[in-house]
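Next come two complexes built around chain A: one with chain B, the other with chain C.
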Partner chain A sequence: MKRYVKLVNFEFNRIAKVYAVLLGIILTSQIIGVMITANGYLKKADKAMNEDMMSKAEFLQMYGQMDFHNIAYSIWFIGPIALSVAAVAFYIFLIWYRDWFGKNTFAYRLLTLPTARLNVFFAKLTTIVLMTFGFIAFQFIIYPIESTVMKWMVPKDFRIDLTFHELTQQMLDLGLLYPTEPMLFLLHYGIGIIAVTILFTVILFERSFRWKGIIFGVIYSAVAGIVIFLPLILQEFLLNGYFYPSELIRLSMLAGVIVLAGSIALSGYLLNKKIRI
Partner chain B sequence: MIEVKNMVKKFGFKKVLDDVSFTAEKGQITCLIGVNGVGKTTIMNAIMNLTPINGGDILIDGQKLNKHTYEKVTFIPDAITMLPQMKIGEAMEFMSDFYDSWNEARANDMIDFFRLNKNDRINTLSKGNTAKANLLMGLALDVDYVLMDEPFSGIDMFSREQIANVFTSHLIEDRGVIITTHEIQDIEHLIDKAVLLDNGTVYRSFDVEELRENEGKSIVDVMREVYQG
Partner chain C sequence: MNKYWKSILVFTMIVLGIGTFYAQSIFASGGYPDFKIKTIAGDAKEAEAIQVRAHYSAPKYEGSVTITANGTSDMNDLTFWERLDGMINNPDYRRLTTDYRQFMRGKYMWGQNMYEDDDHLAYADIHYDFRSFQAGNFNFNIAVLDKENDETNEFTYDVKDDRAINHMYVESVEKVDDELKVFTTINRYSNGSDEHEIRLYIFDLNTQDLVDVKTVESVVDEGEYDAYLQMLRESDTLKPKDYVVFRRELIEHKVVEDEANGNYEEPHTVESDLIVYNLKTDELETLDMPKQLEEKARVNLFDGKNLYFTEANDTGLTIITYSIKDQNILHERHVDIDHAENVEEYAHLTVQNDRFYINYNQPESNQLPTIYILDTETGDIVYEGNIVAKTPADLPEDYSFSIFQLAVQ
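Entry: the complex of A and B
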């Protein structure tokens, strides 16, 4: 356990600098997004009222008040979020392959530490989860700042203030990242974590058997996918809605736990018996 | 004692190691000798459970390898096994964090012995100094067995001398060492036991001293017989 914590600390530090830069990009880009969007709106208002001689009421009726959605759909806001998602997705692979490639094969060290090799697996998994929740929390924290900047720029009559909750509720993509129900939160991120363990298993298949491993990996992910969706598949095609919704959820969770445990057990086996430097 | 018993290793359908057996005792330096590609590194990797084998057994003090074994046996591969952006001091900290057998005092001795600087980053070191830092990470562990893969390859003359000196120093003393090399000259006089590999099998394994007394031959003489005869 002690070594697991140290490994997590070590793994996180390895990506910390890049991570800090990403956080910086998110903050900067989104603040710029707020300013550009607010500026654009104000210019439009200025033109409408001063050049086209509209009244304030007419303008508001025609264009509506500004709210944070105007900003949230801009590339400045959603772009860095997409970048972070891509970065995590990419790092799921890099977190393993960086230990094999390059002049210094660090895998030698990691695999000869006097601790269970599965701890290396868990440390890498934890790092990915920490990165993800870090982004989620960061966005949550900087939203009030961004929303304040908008308040400074846009006069009260021209804007609608939204809480973060109101913002994400109405946006499908952000809503996926910020489910409002605790159950949904568990579901979204539970599926996410299971998906990462499946990918890790695929990577370990590849690291153990190289080209052949990719084939094994693809087969394993297909099997894992089928097991996870088995309750849903049965419900839809075979049993004609035999289960109650609550039963279906419980069965799906069970299937998820089975796949999670299977992936961990298989990864442990590969790390201990099949892995190649 | 490290025992390699009837080890078989295949890459695809090709048997690269076939029925390889030898032992390495504590307090002795055992040298795996063979041309490049004969499977020396594979044997080392297999002992450390870094590559699966297709047959045979590997025992360390009579036990199969497990996670605790890594406090007892260490591997020094031919490239340094630390992150290149780490300073030597940070790499030492990493080792002391993870290994109970890390001996800080000895590590500092070796820093002096090799004239290394703890504040140097690993990726800025010369080849020779990288090899020395690599040795340091392995030899500063209080382990019974040390596996070294080609510690002399691609290193300048003075670094080679320094590294060769390690073998006669207290840094090695009572430990069991398995070393691979294709440049036998540097350490011929240090070796207790030679294991000659050819075509994936052990061609001959012998006690160097006995051979000298009984047959009047050196390791190089036997190598000539094997590889040129």
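Entry: the complex of A and C
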């Protein structure tokens, strides 16, 4: 356990600087987004009321009050989120390959550490999870700040204050990243973690057998996919809708856990027996 | 310790950020006012069976709310798993899948394909293959549950027909003694003269054999006339009834010339009559209706025994109850309704358990709905109430409220 914690800390420190920069980008970009959007709205109101001589009521009737949706759909808000998603996706591969293609064959040292090699696998997986959850938590934490900036800029009569919960409830795309309820969070990110372990296994196949490994990897992903979707496939083609949807999701979750265990076991085997430095 | 500060910082951020967010979402109130049904006159007990579903939208909330005498709930008040199983849509589906969970597996319930009495629960559905845009190989899936000993009588039957069928579906399932009577609609499409047939299949539940097939009625579209055969949907499709009633209509599409917006077609009813099938005698009955009713607006409701004709005017709604058995008008009652201008369009009506329910509001009016309940035996108004917000301050200045379902449990 202690070794594992040490390895996680070590892995996280290797990306910490880049990670901090990304958090910084999110914060600044989103705050700029709030200011620009609020400013645009106020200018529009100013023009409508002072140049076109609309009353306040007419303006609100025509353009509506401002709420955070106006901001959330701007590139300043979505952009850095997309960047973070891309960064994590990229790092899933880099976290392994940097050990092989770095300055010195770091993989050699990592794999000769006096600890179970699977700990290296878990440490890398944990790092990816920490990064992802960190981004989500960061968004939850900075939202009230952004919301306050909007409150400073837009007068009360012209705005509707939304909680982050109210914001994401009506946005399908953001709702996918920030599900509004705990059970959906577990499902979405459970699927994510299973996908990452499958990718890790594919990477280890490749590191073990090089080109041939990619083929093994593709076959393994296909098998894993079939196992995960097996309850759905059976339900549709053999069982005539025998299971209720809630039962079907539970069965799929069980299938997911089986695939997760399979990926970990297979990765352990590859790391211990087949890996090439 | 110094070595670990970055990891610890991120870890703390995750626990605090995600933890607080979901803790809030668990304790958050719904975002809608707590609506309830307030009694104005009559016994408050009458309103207990009502479940109103409405679309409510306000600056901070937009969604469907379910209102009962006790209060309001929405999707988020159900557990994740209940929502998955579609529990919110239909109180009957919720009850049946809870009480007869095993029997209901793999069954698609849309009301008219099921039947329930004290001892039995019956289901009939038509399956078909769909290849190269042509449906074929229609077959019945039939299941009857004996509630007492929890035994299921299940069988299938392949539909045989000399002519090609384009579409076929179940209109009504009725169990009479040891027979299951399944009414189906059969559509055949051909150029300009589409054919619609109501066909009855009678199965013997002891032998699982088909005992009789008969055409109840069939119509063909002719030229510019479209013919329709529609079953009168009784409000409680599950419960046993004495009659099954169909409306036969001939509709002409008249072209209305409109210079401003271009010409458009307007449907115009040429002929309309009711076909009544007696489930006990297996015979069609002719209704000798008073002229007053024949000329009146369409009959809207049917509870298995009586037909309910409604007529709206500026002061409210007149309900005329007509008994099929006695072939006469049982009673005629006028219900006074405030702001009744759009009663015809926006009143939700249902008849169930010897009660006639009226639920009315105008979505644009910024007013909450009123509810009236009549006793179908006597025609008396036994209840009057309205939907209100428990705390009026929770209701924002600007909101819209429109009913889309009135269910009675």
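Following the convention adopted for this analysis, the second predicted complex is superposed on the first by the 277 of 277 C-alpha atoms of A that agree within 3 Å, B and C clash if a C-alpha of one lies under 4 Å from a C-alpha of the other, contacts with A are read in each partner's own complex, and residues count from 1 in each chain.
Convention: a contact is a pair of C-beta atoms (placed from the backbone, for glycine too) under 8 Å apart; a residue touches a chain by one contact, two chains touch by 3 or more.
It should be emphasised that the depicted structure is a prediction, and the values quoted were computed from it without experimental measurement.
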Query raised in the report: Should A:I249 be classified as contacting the first partner (chain B), the second (chain C), both, or neither?
Result: second
Report task. For A:G134, select first, second, both or neither according to whether it touches chain B, chain C, the two together, or no partner. Result -> second
Query - Winner by number of chain A residues touched, once chain B and chain C are compared - result: C
Query raised in the report: Between chain B (first) and chain C (second), which does A:Q65 come into contact with in this model arrangement: first, second, both, or neither?
Result: second
Requested in this report: Go through chain A and flag every residue that touches chain B in one model and chain C in the other.
Outcome: none
Report summary line: chain A residues touching chain C in their complex are 8-9, 12-13, 16, 19, 65, 130, 133-134, 136-141, 160, 162-166, 170, 178, 180-185, 239-246, 249
Query raised in the report: Residues of chain A touching chain B in their complex?
Result: 3, 6, 10, 14, 102-106, 108-109, 111-117, 208, 272-277
Query - chain B residues touching chain A - in the complex, by the definition given at the top - result: 45, 48-52, 67-71, 74-75, 77, 79-84, 94, 97-101, 122
Query raised in the report: In the complex of these two chains, what residues of chain C are touching chain A?
Result: 3-4, 6-7, 10-11, 13-18, 20-22, 24-26, 28, 31, 59-60, 62, 76, 80-82, 84-86, 97, 105-108
